[in-house]
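Structure in structure tokens, see below.
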């Protein structure tokens, strides 16, 4: 016992900086900086209710961000999460509102639909060898169409708090007297912990990281690459399903034809958070922070009086800047490695 | 099967393109049988309205995909070009021809910016497109104060640009746009297959580093592919307004998907290095006929999206299979 | 070869799944009636099915259709912003040669060419919900719509009943917000302008100075945009960059979060719902003097519930049912060659007191 | 010699269009190092892939430890104790060393991967093999040699009974090769059967017991290593005897002018203060160990990588070379060591590859003159004996040697005066090799000058007129061919060891 303790966890001795990763610290600082900036500029931003709003509007993006981190780490991408989210919410909501299904069943339908589309993506990419970009572009178009087809083009008003089935909205926000608790944040934190654990300490995560690092080598190590590729996309799909629930719970109604663009926020957040575009590296905490940058910009810019159209420009510029800064940093850090690799 | 593929005529035309044309014809026949009043000249004209701008977008993105990149900001860029030049026309009373050039220039500008980031800053094309998409939407919206822009009608002053898609000859319409699209496609095909630029694009898509070490200034050419793509998005903008006159800021995403789908359907490989302009042209037509036919049998646009998705999956999968067999 | 087969099989399975599992064609009242009379066929194109407003219009039309024994097909794009899609649908309708077309145009000017084509083909067109001002002469025979500017004025008058005292009694600057889903659609922007102009007038009558700020388009179009520095009442207009719920909610949050806000107007169903979403965190809406007064537009289960429990002070409804009925009537008349003229289907103020009124309730769709 | 552990009999494997293995027999004893040799494409790797379950065989039997076996995937083979150390490093750069070693068979604690235990086990393993590597280090931070050691450690950790080494020494420095041989001898002691694929003739005698030769997918025969000569093996491999005799005298004219002069060239750690001159009609050999900076020097001269300082003179005039474009303009051609990555464009045709560097000369107005392009390419296809059905063939369909000739064609078409050949014969078969040697000699006769980087000393001695040896980023010596020997070069290459 004692001997083992002596030899083992080197990792335990690592400083917190190392464990969190340099990038995460930088992103965290940016989050704090943005928050401070908006608070300084706009007094209204400083309120608790604003924080609540930011959290509210961040849940669904955070969820798809966490989900899409997995395909990104395998070196792929999942574009179908945005339109998919709306599609699942429409299907689930249609069942609840027009078919009288109980809300919990509708929620399960959301997640299930997500899992099915995720599975479809996984099969197209893992087994049929389609380019991830293309395969998910197709499912993106398909989910956009399917959601509308299913709901007959109708917008779906999920039950409100107070009406029958409205309890599901309290999953994300609980009002005790006058105090509003952002319960959703708790779930997000729990999910982040859970998914971080899965990514770093279980076979699923390890193999997904390995596939992103070197797919062929992973295959030759006897890992069922197809299976774990599929799992990555199923995770992404399931999280899009969870995001569908979050979206339905926060916003009054869900309308078909929307949802395109969410995937960019999720993927953009993940990449700002340090997921490598070529796969193999990334962290869930990083994604969470990256998504937060986007959400703060989205919610914060209206507060300093900017019209909506400026937000789009600024978000675009921030994304490019983040990636260029990251590329430069990587170039400095890994020059020796790339030359080492050239020799192989 | 093999024998058919080796037939010199088939080889010349390209097996995939022949299959694709047959799909197009089969689709037309299908709708002719199942949709009421489908077979008419007006239907074809109506389908062509959609095919014009989609065709230009798809032709443009073919160049980028040939270099192994991707540009899915083309839809919003097209809208941005149409909105800004339209605003110059309607609010600042610029001459029409300058506005048309402005539209193309705006497209080319966004394309160049995109290409600059990809080629000189090494930002993955996927990310730059994402950002450019946001920026182009925002710019258009800021420029017009979030207003939609309506280009003038044919009968009005400055309305002649609408003749670019069709001209009334007696009682019939002559589809000028089709002629222009065809000529553009032929030029694109020549550029891609017969000129230095096209050769470099394709080589770049297959092995960028090898081309660089052959003493070719790859960054310049890589950027140029995006410029051409943006330029054609600017042209597409003209044909969009010629068909539909009105454009709104903040939209256009779905046309990316359809343009890329048309391009990939036509046999251009996402991995770069393989591209077929003819295939892209037919792919764009397939999507347009599908769109028209779906409406004609009483379904809506959503079915078109789903079916397009499925067609692309099948087309790409068959391509994956044939490549596997070869290697 | 077997893999090729497999891919085909997968393809077919997906197609069948799509066509069976996901239900048939779009709208509830898709194909015609059981009626047997004149065999008139109409095509009706709505702006979208996104809000239940359109369902109510379709319902009105369907009932009238059954009563009169005519047939109609209904279609509409995915969202009110898919202009090109709607043009394609309209062209398609012309090519199917119906006896008449009912059209709620997403964008009036995009339709002009096609209207000419309809005229050339001899197909009468009746516009509903939104008029088409520049239509080629003789193409649009009549319009059945709400006067949207007037409806905006109605909303302003409605909100004024609650705000009058507070505006007059205010010592500092007060703010009234407007969330417009869209700056591009004619009907929605008219409402916004009607509201802004009327509030401006009312405030001025009350001896206050007014400034309009926010979205440039509305600021530019407002009758009197005033001066922000000296104004007692600020009207802040916010327009989300796209017509989605979450963006409407974000903009609404930005308005509601300001401490001097006393009233807010959402100019259609989506924006009104956005205001309600934003309020979930803030809890500032209500009907009393210490709360922010919210006024919406159109109906739907969520807005209805909010009006009933007082979260939303009131709303303006149009008469989609009537609009549908009138459209069919006009189409039948037009098809028979009779002369027809425009009909104002009207808009009405409702709040929790008159929400059950027989004159109001039928128009409050879910 | 121990008892037989593995017998493969009558193995047959056909890929579409290729009969990759034709009735191959192979047998391996316990505690034996059995070399497998043959030209590229002879079927060595395919045979090993059949053995380890990566490919399924069409016909034949595999008897392992007395039982008939049939592995359907690499995992099954691993579990049975047959592992392969691949030619291309199979590292997962983003994971740690320990995580790499135990990939696919992690120690678990419930659902949690027990990384701590894996680190401990890896340390133990390294201690046993006498390798000094930190198991928690990220794989991508290690040198190529260390990465290779990890691969080997990984193979050994499978408790393997048979280990297949697929050209393990290709990426190693001399001292690392010694370490490797030490490990192999250790493994031998433990009665592990070792299959050793290599192209290096010298290694046969040093480390192997027997050598089996394959040619064109068929088994040719097996020799006892001690009793066989190099020529025996080569003649079995190619079916004919090729002599590799050292050049004894420089063929450069006494008064040949300097065509290229490099002065104080610096580019990072791998290129420090390099000075040399290249004469007209000379083949200048660059020797040294892997990682000694030869390739980096070449790339810096060519402008492929940025350089920090230094002057380059061509024909006496100072030139600025900041990118490959400049270099090509000044008549320098560079044939990269990594053909697939830097040389050919696999999805384009032979003629397109050939004219890539010189498209300007094949233009008719703005159009490419396809006819001229093809005629010119056909000329070289013939003179270089490139085996291709037509110039419109995609390069991906050619063999390695022919691909290399296509890259050569590219520079010949460009008519470069200075050619830098980086490992021109790496990974290509003996036949193509001698074709390339012949070509190089013809080129210098025509007055071109060649810098040849090579890891194979016999090649350096056979081709060069002068040899520059590099060590750790510096030029450690320069030898005239008359004085150069393998020993002298090795001595200069390992100065600091």
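Annotations
Residue numbering begins at 1 within each chain, and the chains themselves are lettered A, B, C and D in the order written.
Rule of thumb we're sticking to: contacts are C-beta pairs under 8 Å (C-beta built on N, C-alpha and C of every residue); 3 or more make two chains touch, one makes a residue touch a chain.
Since this is a predicted model, take the numbers as computed values, not measurements.
Each step here moves to a touching chain, and the least such steps from chain C to chain D number 2. Averaged Cα coordinates give chain A a centre that lies 33 Å from the centre of chain C. Chain A and chain D, compared by their mean Cα positions, are separated by 43 Å. Chain contacts: chain A has residues 128, 144, 146, 148-149, 153, 261, 307-309, 311-312 touching two or more partner chains.
The multi-chain contact residues of chain C, meaning those touching 2 or more other chains, are 7, 18, 26, 76-78, 81-82, 215-216, 239, 241-242.
In chain D, no residue touches two or more other chains.
By the document's touch criterion, interfaces exist between A-B, A-C, A-D, B-C, B-D.
Touching chain B in their complex are the following residues of chain D: 16, 302, 304, 323-325, 327-329, 334, 336, 341-348, 352, 356-357, 359-360, 363, 366-368, 370, 396-397, 410, 414.
Taken together, the chain C residues at the contact with chain A in this complex read 7, 18, 22-23, 26-28, 48-52, 55, 76-79, 81-82, 214-216, 238-247, 249-251, 253-254, 257-259, 269-270, 273-274, 276-278, 280-283, 300-302, 305, 309, 366. Residue ranges of chain A in contact with chain D, taken from their complex: 4, 7-11, 197, 201-203, 206-207, 209-210, 212-214, 216-223, 276, 280-281, 334-335, 337, 339-344.
Residues 70, 117, 121-124, 126-128, 130-135, 137-139, 141-142, 146, 249-250, 253-254, 257-258, 260-261, 264, 270-271, 300-306, 308-310, 312-313, 316-317, 320, 324 of chain B are the ones touching chain A in the complex.
Only residues 77, 124, 128-131, 133-135, 137-142, 144-146, 148-149, 153, 260-261, 264, 267-268, 271, 277, 307-317, 319-320, 323-324, 327 of chain A touch chain B when the two sit together in their complex.
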